[in-house]
Structures are given as C-alpha cells and as structure tokens.
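Order as written gives the chain letters A, B, C, D and E; numbering starts at 1 within each chain.
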Amino acid sequence: MSKTARQSAVPLSSHGFIGLAADRVRGRGHLRWLVHAVVLLFVLFWFVPILALLLSSLRPQAETAASGWWMALPRPAFTATNYMLAFDQLRVAGSLGTSLAIAIPTTVLVILLSVIGAYALVRMNFAGRTAISLLLVALLVTPPQITLVPLLRLYNLVGLSGTIPGIWLYQVGFTLPFGVFLLRGFIASIPQELFESARLDGASELRIFRSIVLPLSRPIMASLGIMAFLWSWNDLLIPLLFMGGSSLPPPITVNLAGLVAQTTQGQGPLMAATFLSVLVPLVLVLSLQRHFVRGILGGAVKG
Amino acid sequence: MTSVAIRALRKSYGTIPVIRDVSIDIEDGEFVVLVGPSGCGKSTLLRMIAGLETVSDGEICMGSRVINDVAAKDRDIAMVFQSYALYPHMTVAENMAFSLRLKGIARAERDRRIAKVGELLGLGALLKRYPRQLSGGQRQRVAMGRAIVRDPQVFLFDEPLSNLDAKLRVEMRSEIKALQHRLKITTIYVTHDQIEAMTMADRIVVMRDGRVEQCDTPLDLYDRPANMFVAAFIGSPAMNFLHGMVEKRNSGCSFMSCDGIELPLPPGAGQLEGRPVVYGIRPEHFGLGGAGSLQARIRLVEPTGSETMVFLRLGETEVVGLFRERIAAREGETIPIRPDPSRIHLFDPDSGRRLI
Amino acid sequence: MDITGLVPLLIVLGAIGIPFLVYLALGLGEAVLSLCPPGPQRAMRPWLWLLLPLGLVALILIYPVIVTVATSFQDARAESWIGAANYRWAFSGAMLDVIGNNILWLVIFPVVTLVLALIAAVLFDKVSYEPLAMTIVILPTAISFTAGAVIWTQMYSFQPAGSPQLGTFNAVLQVFGLGPVPWLIQPVVNTLALIFVAVWLQIGIAVLILSSAIKNVGTEMIEAARLDGAGEWRIFFSMILPNILPSVLVVLTTMIIAALKVFDIVYVMTNGNFGTDVIANRLYYELFAANNLGHASAIAVILLISALPVALINIIQFRTEVRP
Amino acid sequence: QEGNDALYQAAVAEARRIAEGQDLSGYVEMIGQNSGVEGQTLEQVYAAFEEGTGVEIRYTGTPDQTAIVQSRLQAGNPPDVADLQLGMAQDFAERGLLADLSSAFGDELAANFSEMLLSTATHDGKVFGVYQGLNPFMLWYNPQAYAGPRPPQDWQAIVEWTESEAEAGRTAWCAAQGAGASSGFSGAQMIENIFLKKYGPDLYRQWGAGELPWTSAEVRDAFEEFGRVIAADGHLQGGAIGAISTSIATGYNPLTADPPGCSLVLWGAWVPGLIGESARPGETIDFFRVPASDPAYDSYELFQSALAVGFNDRPETKAFLRFMASTPAQTYLASLNRWPVANRNVPVDTYPSPLLREIATEFLGPDGVEFAAGPNLMASAATSTAFYRGVVSYMQDPSSLDRILETIEATTE
Amino acid sequence: MTSVAIRALRKSYGTIPVIRDVSIDIEDGEFVVLVGPSGCGKSTLLRMIAGLETVSDGEICMGSRVINDVAAKDRDIAMVFQSYALYPHMTVAENMAFSLRLKGIARAERDRRIAKVGELLGLGALLKRYPRQLSGGQRQRVAMGRAIVRDPQVFLFDEPLSNLDAKLRVEMRSEIKALQHRLKITTIYVTHDQIEAMTMADRIVVMRDGRVEQCDTPLDLYDRPANMFVAAFIGSPAMNFLHGMVEKRNSGCSFMSCDGIELPLPPGAGQLEGRPVVYGIRPEHFGLGGAGSLQARIRLVEPTGSETMVFLRLGETEVVGLFRERIAAREGETIPIRPDPSRIHLFDPDSGRRLI
C-alpha cells in the first residue's frame, strides 16, 4: 500500500506527496538498504513481545507451562480455547459498550477543547498567557492518585459519581493540559497570513477556528486523538472509582485487569483477552493514520 | 465605494521604524498605485489599511470614519497578499468561494461568480486542484481570484501580477482596470512594473523608506518628478544624471558638466545661470545624430527587440540611451547622440529637488 | 432502561451533543462580544475561549492540587494541622533512597525514548510501509499496563544457569552460551529493565508526535538544502531538527514528566522491590497502604515543584513560538 | 446440572425468606477482589439473591480493590458492601466505619461458622462481617515425585525429605514469589505456616495483632526456618533468585510437569487451579496437612479469606450479607466448584471436585481443625506490604534479616 | 562550467503530463532563458534538472554523464526557487553560509563572500535578520544570495527578480550577467520579464504546454519567430494579427484583410500570392503619418511615459500601436498609422508557421 496511492486519487504536487515519493525512491542503494534494515530491526524488536503475547494466547496451557513461547514456532500447537474463555470473561458485549461510551466522547472532547485552548493561547495576545502556559505544563506532573479523593467528594456533592459523564469530565480535564501543550506548537506553525486572509474574507474568530484551524491541525489532532483514546481506553482506576454504583458493566480493561489476579486457567485467557482488548484501539490507530499527511500547508504561502 | 484617508501614519517593528509619517488621501473609486524600492514599507502600509497591523501612530479613515480600531473582518476590504496566503486545504474553487460563503451568498450565485472569475484568470480547468498542485503563476492567479470574486469597499493588491507572463499580465491588467472601472471600487495597488503603474494608476504614490516622496498622476510623475529619487525611480532604464553648472553661452544657456561636456538646455533655464545643477535626461530622450550631436563611446549594446539599450560613456559619465533603431555599432565605437532639450530636467545637487 | 441502549445514547451525547454545545456556546459568546467595543472585545475574547478548557482544568486538576497542598500540612488523616512535619519526613531519609532511582529514570528514560523515537520517526518516514511500522510501534501503547507487565515478566523471566530458560532474553543469552541474567532482581539492571519496558510502552506516543512534526517540515526547504549539498545527516540536523524543535521539546517534557511520576510499571512489575522503588510508588503506598494522607500529599507537592524547571524551559520556547 | 439448579432454587428461597417482611428495593453495590471466572462465580450466587429479593447486586471485582475502597471511604462515598482483607476490616471496624450486623443475624451465625472465625469478625461484641470462601493452606505434592512419608509425621520428616532430595541433586520445593505489586506474599504465607506449627495459635495471633514484635526471636526463627528448608540453595526449584523472579501464575507448574521440577509446595488451596490441566488429582497432585514441628499445634491451621463487610445500615445491605452467610447460599457456592466455603453446615459432598471434597473433609469437617489468625489476616496493608517485600529481600539476601524485620516492625507503629 | 543536455524529457503528475518531450542542448557557460506562459512547465523542468523531481522518461546529462539517477546533492547545482524556500530558522547570513559550510569553506572566507554578496544585493544591513522579518523583495534577494555565494556547475534561476523594483532589477540583471560572464557558469534562467530575457540570454527557449516551441537567440526570436505563438509571446504588447490574403497589386503584392484593409508587404511576399495568410505586425512597428498611412480609430490611449500605447480599430480588427510620441488625440478620433513593411510577418493561418 503506497502512501501516495492511499492519500488521494488526485495526483499531488511536488510540494506535496509526489516529492515524498521521490524522496523515497532516490538515494544511494546501500543507504536505502540500511534504512530498511534499521526500520525492520526496530519494528521486529517492538513486535517480539507482541508476538510472544499472540503465540502465548494461542497455545494450550500445558505447552505454555512447559516451554517458552517461541517453541510454538517449531512445534505449533494452537488452540482457540483461551479466546473462548477470554471472550466470555471479558463479557465483551457489555464491557465493550462501556469502554466505548467512555473513550469516544472523551477523545472527541479532549481534541476539541485542546484545539480551542491552544488556539486561544497561541493566536490571541493577552496578559497572562505565559502564566497560563506555565500552569498547564506544571500541571502535567500531577499524580492522578492525589486527585481522586477531592474529586470523588466533589462528585458526590453534585451527584456526578457513578455516571459516565463524570468520567468524561475527569479524563478530559486530566488530559487537557497535555492536549493544549501538544497542539500549541503546531498551531503556531500555521502561517499567520492564512488567519489574516480569512479575517479579510470576513471570517469571525469562530469561523477561522472551524475553517482554518481545525482542518489544518488535522495531523496533530489525529495524534492527540490516538493518545487520548488509548489513555482513556486503558484507564483503570478512574472508571473503577468514578463508576461506582453505575448500572453499566465495567469497562473492558477493568475486566482484563481482573484476569491477572485470578487463580485458575493459567495466563492464556489473559493473553487472549489482551489481544481482544487491543482490537478496537488498533482499528482506531489504523484509521486515523490516514490523517498523517505530509505538507498540509504546502502551497499556502510564498517565501 | 468609499474614500480612504491616511493621516500621519507611523509604524515600527520593535525599534525599527517602517512607516514614518505617511499621509495619502484617496478618493472614492480612485485607483492608486504604490511604488517604491524593495523594503520601503509598501506591504506594511497595505496591511495597516487592511487592519492586519496595529497602527503605532496616526489615523486611517474610510469615508468619514476612523477605522484604526475596526477589526479587519469588518472593514470589507479584499486583499491580494504578496505571499498569496492561499488556504492549502481548500481547492481553488473553495478558496474563492470562502468569502462568498461567509457573506451568505447562495450556492448558484457563488458558482456562477467563481466560474466567471476562473475563466477570466485562466483557471477554469484548475478549479478542483489544491494550491500545492499549482504552478507559481497559477497560485498567484488564485490569490487574485479570491479578491476579485468579492465586491468589497476597497481593493488592496500587493504585486498581484509579478509572477505572470507578459502576455497574461497585459490581459489581466486591462481586466482589472475594467473591473475597477465598472464597480468603482477604491483600489490601492502595489507593483514594480512601470508599465502597470503608468497605465493603470489614476495617481501614483512613490514611497521611499517609509515616507511618501511624491504623489501624482502618472504623466506628471514622469514629466515632472519632484526630486532626483522619483526621477530615477520612475522610468526604466533610469534617468541619466550629470553633475555640472548652468552657463551662459552665445545663444542662451547651456549645461556644462564637470568633465566639460556641453549639453543643451530648454529656454527657461536662464534663471539658473551660474548655479551648480544636476542635469537629468531619460535614456529614451536621446536622439540619434542630427544637429548638435555629441560623440559618445559605446560600452555595451543590448537590443531588446523593439528597442536598443546602449550603455555609453559621455565624458567621464556613464549614460544609457534607449533607441528605437537597431544599432549595429560595437563596443568601443562612437555614436552621435543628441539630448532632446525640451525633455530634460535640472535638479538641485544638494536637496535633489527639481528646479526645472 | 435497557443498559445496552444507553451506550449509543451516551456516545452520541458525548461525542456529538456536547461538542456541538461547546461550539454553540463559543458562538453565543462571540455574538455577545461583538456587541462590545473593540478594545474590551479584544481583552475579553481570550477568556471566552479559554473559559471551558481552563474551567475544566481548574476543576479536575487545580482544585485537587490546592486541596493536596493544604493536606500536605496536615496529619495522616487530614484532621489537624501539623506544619511542615510531612516535608521534614519526606526529606528525612524515608524517601531519599528512592530518589536515586528516579534520577536514573529522569536521565535515561527521556533520552532513550527521544533518540529512539527520532530514529523511528525519521526512518519510518522514508519507507512505504510506514503505516504498518507505525501501528506496530503504537500497539504497545494500546496494551494496558497490567497486560504489558505480564508480557514483560515473561520476557525477563529467569531460571538459574543450567535449567531451560522460559524468559525470552535469557533464552537468547543461553543460545549464545551466556549465563542468564536476573533482569528484574539485580540492582540497577532491574531499573534499566523497567525503563526499557516503559520505553517500549510509551515510544508510540513520541513517534506519533515527532512523525506529525516531521511531516510538517517544508519540503521545499529540504530540497533547497539538498541542492546546497546537504546529505541526509545534514538535512536531519540542520533542517529537520531545528524545525521540529518545539515537538522535540514536547516529547522531552512529556517523557521527563513521565519519568518523574513513573508509577504503574514499577508497581505492577516489582512494586519497588529489589531496589527499584520510585517516588510515585511511595506516594501510592502512603496513600493506599499506609493510609497517610499527609505524607502522600507532601510527596505530590514535591513532585509538582520538581516539574517547575521543565515548565520554565517550555515557557521560553513558547515565547519564541508566539513571536510573530 | 440439575443438582445445581436445585441448589440455586434453594438459595433463591433463602433470599426470599430473608426478604420477608422487609421492603427491599434498589441495588447493593459491592466491591470485591474476585474477577474473571471467580467473579462470575460469585455473581452466579448473588443472582439468586437478586431473584429472590428483587434487589440488584452491582458487583465489581478488581485487584485494586484496596485503593478503591480507601479512596471512596475518604471521599465519604463507600460502596454498600466490600470484600476486605481482615486486617483492614478490623481497622475500619475500630474506627466505627462498618455497619453492625449483629441484629441482622440471630444465632444463625454461631450455627454456621466456627467460633474462631466469628471472633475475628467481631469487634466490641458487634459482628461486622461475614466469610464466604475459605482457603486453608496445605502441603501439595506430586505422588510421582514425592517418595517421603505420606502423611509425614512432623515437620522434621519434610526437612529430611528435602535434604535427601538435595543430596540426589533434585530440588524438593517450588515457591515462586512473583506477583507484581504483591510479590513475596506466597513466601509470607509459608513463613506463617511454619510459625503457627511451631509456636502455636496464641503467639501467632499476637504476632498478627502487633503484640509480638517482628523482631522477636520467634518470628526470626520462622523466617530462618523458611530460609533453611524451603528457600535454601539446592532445595528450591530455580533457586531463590529464580523463585522471586518467577510469576506465581506459572511458577508452580514444575510440580506437575514431566519430569517434575519439584515435589512439594507449601501453599493455599488454589494451587491446582493455578497449575491447570496438568494437575490431575491423585495422579500428579495430592496434598496433606502441613505437619507440625510441635505436635501440640498439629490441629491448628491458618487460612485465607476475605471478609464481606457492610458500610451502611440499609436493610438491603444487611439482607445481602445475611444471604451471603446463609447455608443455602454457601452450599450453592460450593457446588460451583471454586473454593472451599466457610459455612460449616455445607455438606461436604456438595463439591463436585474430589480435591475440594477432600479439602473440605480434612479442614472443615466435623472433626476438623481449628483455624488461627495471624498477620496473614490481621496485618494492616502497610505491614503486609512490608512483610511481602521483606520476604523477597530475605530470599535475596538472608544476611539482612535483622534490618528487614526492623523495617517491617516500623510499619506497625 | 559544464554543458547540460536534455533529451526527450517527459514528466507527468499522476496522469497529467507536464513536460512532454523537451530536448535542449546547453553549452558550457551558456546563458539560457526559459520563457513561456504561466503553468507551461518551466519550474518543473528546472526542478528536474536539479534532481528534485523524478524523470518519467528521457535523459538529463551534465557534461557527458547521464545524471538521471544522481542525487540532487551531488549535482552541484545552485537554484533560486520561485517560492524562495529560505531556511526559516536561519538568519540571512546563515542562509547564505549554509552551502559554504557544507563545502568546508573556512569561516573567514565564508564571511568575506557573504559580506560581498550581501552588499551586492543590498542586504548588508539585514544579515542578522530572520526571513520572517523581511519584506517580499528582500526575501527574494536572500534566495538569490544563497545561490550566488556558491560556485556551482550550473545555476538555475526561477524568476529570481520578479519581486524587485525596476531600478534594482536593472542593477541585479547586470550583476548576474557579469557574474555569469566572469565565472562562466552554465545558467538556466526563468523569467517573465521580456527585457530581462532579451538582454541576458545567449539563447531563449520558448515553452508552451510542456513543449519547446522555439529555441533561438533573442533577436532571431524577435525578428523571426517560428510561429504565431512565439510571435505573440515575445514582445509586449503582443504582435497584432490580421487575417486575409496576399493579393497582386499594381506595384507588387499587398495584404488584403478579410474586412478589406490593404496593408503593404515586403518585396519577397510575391511568392505567396493568392494564399490566405495571417499578417503580423508588432505595435512598435507602426509609424505615425507619412505616405500610405491608414486612418485608424482610437479606442484608448495609454501613455506609459516614455511611450504611448494606443488601442486602435483597423477595420474590424483591434490593433495596438506603441509610439514614442505623446499622443494628444482622444477616444473616437482617428490617427494615421503606417506599418513598416520591412518588419512585418506572414503566417500560415492553419499551422501558425511563419511564412515570411
């Protein structure tokens, strides 16, 4: 799947993707092989643990107990039992729903509010914006544990505890400083002239935000989206704590974590469950990569 | 559709003054061309009028209203940026449609206008492309199109045709002029192209270093430049200058250069007798041969097709002549040239002001 | 009401309804603002835009932080004021022995992550199977800590020399005839081993950020550098790196902060045993095991303060960014 | 299974009986440790309560349960019911945070639970919790590998077997300790077993209650005995370092592997479950009670269990806890084949698995054993954590025992 | 310092062909100017020569070596990008120093060269600025400076002076020319400025739609355009075309336009008698008055200062005349104009080829 083909059916210019394709094919032979070699090595190294996970999830328990996962390669003996058990124990149907109900709105809101915040911070000139930036960066280091009790108390007071929107609120608020922090630089790199041009075209601040900032921040928004989603999806403590008393089933990762502690059936189901729980984020990562386009600002300004 | 008045305008970037005291009054529907050396503050001035730069001091008025504090989006000004500033994520058509959409113009009308402007600019086949898929000149035309689909109070053009070929430029020039005539939209136009400036402008403003040097109709500027700077700046190749004195001769007065070359003067020059002056003559105002010719040594001949540019040495001074004739003479030979005394200018060597 | 029916409703509400409302509120605010004269309008607009983000941050982070600062001067049950005793405790040796580990994390983790992520982002950019490579590198981020710990416990698993190795690394060592290493037990090696797990888990984020920054570097500028005779190294160091510096700083900051408050990995893999303990693990212990709110709050405040230098560096960068 | 269904119906009937005359509604929120299949088993039992009373049970099982309960308690929003470690429950009870259940039960409790169990769940004469499952500790062996006396007369017999195996170049023990945040807890339980069988229930209780200091000679001796017999080089499969770096989830597999990597395991009732398929009762795995060093303490055993407590006085909460403790409910739980249950009126043959039946007979039968409580149940979270870490450190470096014990002792203040 | 040969070059973006079969041979040290309408592929061609675009088909050689597969960095070519492509994170001086640093040139020498080029380009005071702090023309000069501090095998200039004022442009033109002469560096130069093309080029290549229309010396191109396209493209305002026939008259042959206007022909036109032709005459080749004048009705008079552009109606056809004289006549009046028969061109109406 070549990048160019995937990006768009329209042929793209030298300043856009073709230039990239040209980059990719040129270069001295051995250098190219070196690049491939390093990339493959990197990918391989990163993949080995995942492969271990995958193979372990497919092996019968007796095998796993007796030999390392790599023995599945010379001596393949696979079973779907672990997946059946995991599927059952994760209570996929209900938990998946809860997980999605938490992660999707959280992701959307994190992106939206981060762009709003970053835009205001970078593109508007006002006293106190340095202080606010400082505050946001400093808050990045807040250990989540210390926020739990005060917020739980607050939530009880206003009746948010045990509700999904309460969890959105928490996760969005907690991720926002990072989101703003991440988007800031990107928005600063959009040429000033585009904003000016839009302003002259009669665009209000809101319109500029919608028609210029949002579309042009696409790549970084996609990155933030992936991160926010993964964090929300993998978050354990917050849903556990803030969903107390909710009628919804616990999110999938809470069930997953429970499997670690159980004392029967070995670890096969845990491995399988991990795989199942990664499927949704995987689809997301794959689908959002489409937005990682090169030279999104290409052709905008001369000079 | 409105007059624009600029009063004692100033602007600094940090401590660097860029616009220092600019005042221009532009009438409703007037076409003003702004010229000046690179970096003299033309773009900055336009940006201030558009509301994109803060005003350090002075006033900008539209109609009778001071607009220093009016937001750019409320000024209803269309501008072609020197750097184009195209929306990279929108197609050519969308780029042009953006302002129309904001005004709430119906889709059909929008499409009609875009098709028309696209046609006019030769962008018809490119409407679906993105800016990054266009050539430099095509991008510039999109920037142009984005301004002229609108129907604003004021047009600001910052070198809008600089990257177009000569033929297209001539066409565009007349189209813009026609458009401006039809709609009577007050227009401020920056260009480095002399012909553009001369043919399009109702008035030309010559700037230098953040100041206005002269503001006049094109022919007045050409014929009666206020000072040596303007004289040298308008017309290409630039006016030739020779330093010397006005001296009494038998028939009347003549100019005597420092290195002893005598050049004819117009009748009115008598009053300047005995004064040191700078003698200015444009390259196109030399004749070839005839009575009173001077022999000038050729340094370089550059035919441009329609004309021939000849770099000459007149006494110690380098001068340029521009002749309609093809000149076969070669470097080192001499040719007889004759300044047209009715087209010469005299300047004060100290202040640079025009005397005649 | 049927529970499963609730989920789509929630998603629609949260992912469409609320964003729409936010946008609407902004629009409304802008409409009100446009009635104001230009001066106040300019002054108030940023606050209108920042109202929601900042409000949320204030609620979720600032409020608890303030509470924490207050409790850090209180006793274990947060019932009475005891002055700076908790801070004296924090600096009295109880925690000093874990600080060394945190410094190890602080030095090694961000640098290793950054360097590897830069290599990955730059090289992935040059191959056609980038999406695949990217996905694989992000995948660990999608795996929960608990599951990650299980995988890596297996990878690091140790059997004494002579017995068959079930752990991947030791098995590899065995193939090469080397003795097994007790990865998670031998001091320093184990912290390095944990750091590596963290790198494995978190590099995806760094690669994502750097990758989108690299793709945003002007192509023409790079072409110009090529014509100027710059090779790939040069282009990287003289063109790409200076232009993605803001993103590099974001990654570095994120990773430094991650190293400062590293917790999950240590907690799930060794719980600080074998000399791998870190500050945040202490915090967790004080909070939930020892149940000492005062101590825990003091640790949190110290963490917050130690992040200030990092924040300051970012401010310098921010100032250059917003300069027109 | 029909039998199960009948038992389920009996549990439903019991729930109805409990609900009689009360106006129960809404839901009860419960946080427990058990998740996965184990959590599902509990929920199966609670379903009977839901069916019988119409009260919904919202059960969440998580290993992070301590943090959750602590936080929610501090926030003033505890769950209705939680499964707690005994020490924590006692602490809460002392602070008056728990509901007094005495009124909910008649003499039902005394009939169902042993006196000793009841006494651990009582504070100031008020009952604050009930037991469901109950896991005793025992010596697991592989009949194909263990050739020593069955059952061994006393602890010395085991020591001798260990040494003879070591001489033959084989390791007798498996004692993996890796469990992430609670690594070392299996070793801690082994040490406690050794202690109890040597110093008896009274000292054991004092130890747990913080009355016998960790630095005492007795505790020290138990550590050393563990180090000498189990954790010594040549006695322990994988050696000390191997054991602490191996996860308990897989670390006991060598017991039933072919060939076996060890012949003995001193640990809880869950060992066969952990090992899984290759643990074939009677064939590759079997157990006997931990032999005593001092014959006087032969009949005392320690156990592990969580205590279900209520954080409020709602009738639903009380009804639910009462249901949990009831014989029909625990009988049904026993029939689900997970763990031994605490209720002594549950018929032994309810357990489908022979191994569980055997455990129930040996430990919970009428002429069963006496249970004792010590640090395993009573220590605070801080002390437990320190204890577990201490075990790991000790295995790593036996010479640091003094410092380790001092560190643990420091957490009890 | 090397010859460049382009052979049957092709390039497509996706399915859109941009360069279709271009072959040009450029000698060592030659100065070739590339002109053509906006979007015809000039920049693309330069980028291909530089090695920035892949070659779809054909060959590019430097010296005797095919360089299709040589990496851009190894070609030793300096290029001024149409869009400047400055390094935004480097000051003006650093921008210029970059290539020198890569070549390992010592600091002192580097500083010397930069100072010299900076002076030449009028950037002396701006060396410490960043590109974002410069005006459009200043940026363009930096781009220029970056190329000319180097001492490459080949110069590629893509409209390097388009944003400079006329005066500076004239100066720069001669500086570039001088530099190129001195160093004898093979140069390919894209421009839309006719004077630039005519005065600088050894040869001009006229492109259209990815093809080469004509490649010749400037005067040949002006005097003997190969076809109507080139004829119209070279010279501004463009050549006037009239459709009609060559007809026998008493004295010899004349051109008879469709609408019955008779125009003089040069002696050699006899051979074309009876053929339909297109009559081409440049605006500057009309005389005013004299024998055989035609009366033409004035539509618009546009004085440019040195000359006067007059839009006329000759029969049914619009023509443009360019006169040195100031013309006082107004719209609607008529003036007598006289084509110079020795400067006219005849083209085949079907193929557009030049006949005479």
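Just so we're on the same page, contacts are C-beta pairs under 8 Å (C-beta built on N, C-alpha and C of every residue); 3 or more make two chains touch, one makes a residue touch a chain.
Keep in mind that what you see is a predicted model, and the values were worked out from it rather than measured.
Undergrad: Can you list every chain in contact with both chain D and chain E?
TA: Touching chain D as well as chain E, we find A, C.
Undergrad: More C-beta contacts across C-E or across A-C?
TA: More contacting C-beta pairs are found at A-C.
Undergrad: Using the mean of all protein Cα atoms as the middle point, what chain has its own Cα mean nearest that point?
TA: A
Undergrad: When the centre of a chain is set as the mean of its C-alpha atoms, what distance in Å lies between chain C and chain D?
TA: That pair's centroid distance is 38 Å.
Undergrad: Can you work out the whole-Å distance between the CA centroids of chain B and chain E?
TA: 21
Undergrad: Measure off the straight-line distance from the CA centroid of chain B to the CA centroid of chain D, and report it in whole Å.
TA: Centre-to-centre distance between chain B and chain D: 94 Å.
Undergrad: Distance-wise, how many Å sit between the C-alpha centres of chain B and chain C, to the nearest whole number?
TA: Chain B and chain C have C-alpha centres separated by 57 Å.
Undergrad: Could you pull out the residues of chain C that touch at least 2 other chains?
TA: Residues 149-150, 154, 166, 218, 220, 223, 284, 287-288, 293, 324 of chain C each touch two or more of the other chains.
Undergrad: Out of chain E, which residues touch more than one other chain, so two or more?
TA: 13, 44, 47, 51-52, 71-72, 82-83, 86, 136
Undergrad: Where in chain A do residues touch at least two different other chains?
TA: Touching at least two other chains: 10-16, 19, 27, 148-150, 204, 236, 247, 257, 260, 267, 295-298, 302-303.
Undergrad: What chain pairs are in touch here?
TA: A-B, A-C, A-D, A-E, B-C, B-E, C-D, C-E
Undergrad: So in the complex, the part of chain A that touches chain B is made up of which residues?
TA: Per the touch definition, chain A meets chain B at residues 10-13, 15-16, 191, 193-194, 196-204, 207, 211-212, 215-216, 295-303.
Undergrad: Please name which positions on chain E make contact with chain C in the complex.
TA: Touch residues, chain E against chain C: 47, 50-52, 71-79, 81, 83, 85-89, 98-99, 102-103, 132, 146, 150.
Undergrad: Quick one: in the complex, what on chain C touches chain A?
TA: Listed in rising order, the residues are 3-4, 6-7, 10-11, 13-16, 18-19, 22-23, 26-27, 30, 34, 43, 45-47, 49-50, 52-54, 56-57, 59-65, 67-68, 116, 119-120, 123-124, 126-147, 149-152, 154-155, 164-168, 171, 200, 203, 205, 208-209, 211-213, 215-216, 218-220, 223, 232, 246-247, 249-250, 253-254, 257, 260-261, 263, 280, 283-284, 287-288, 293, 296-297, 300, 303-304, 306-308, 310-312, 314-315, 317-319, 321-322, 324.
Undergrad: Using the touch rule from the top, collect the residues of chain B that touch chain C in their complex.
TA: These residues of chain B touch chain C: 69-71.
Undergrad: Show me the residue ranges of chain D that touch chain C in the complex, using the header's touch definition.
TA: Against chain C, the touching part of chain D is residues 66-67, 70-71, 74, 178, 180-184, 238-239, 241-242, 244-247, 249-250, 261, 380-382, 384-385, 388-389, 392-393, 396, 411.
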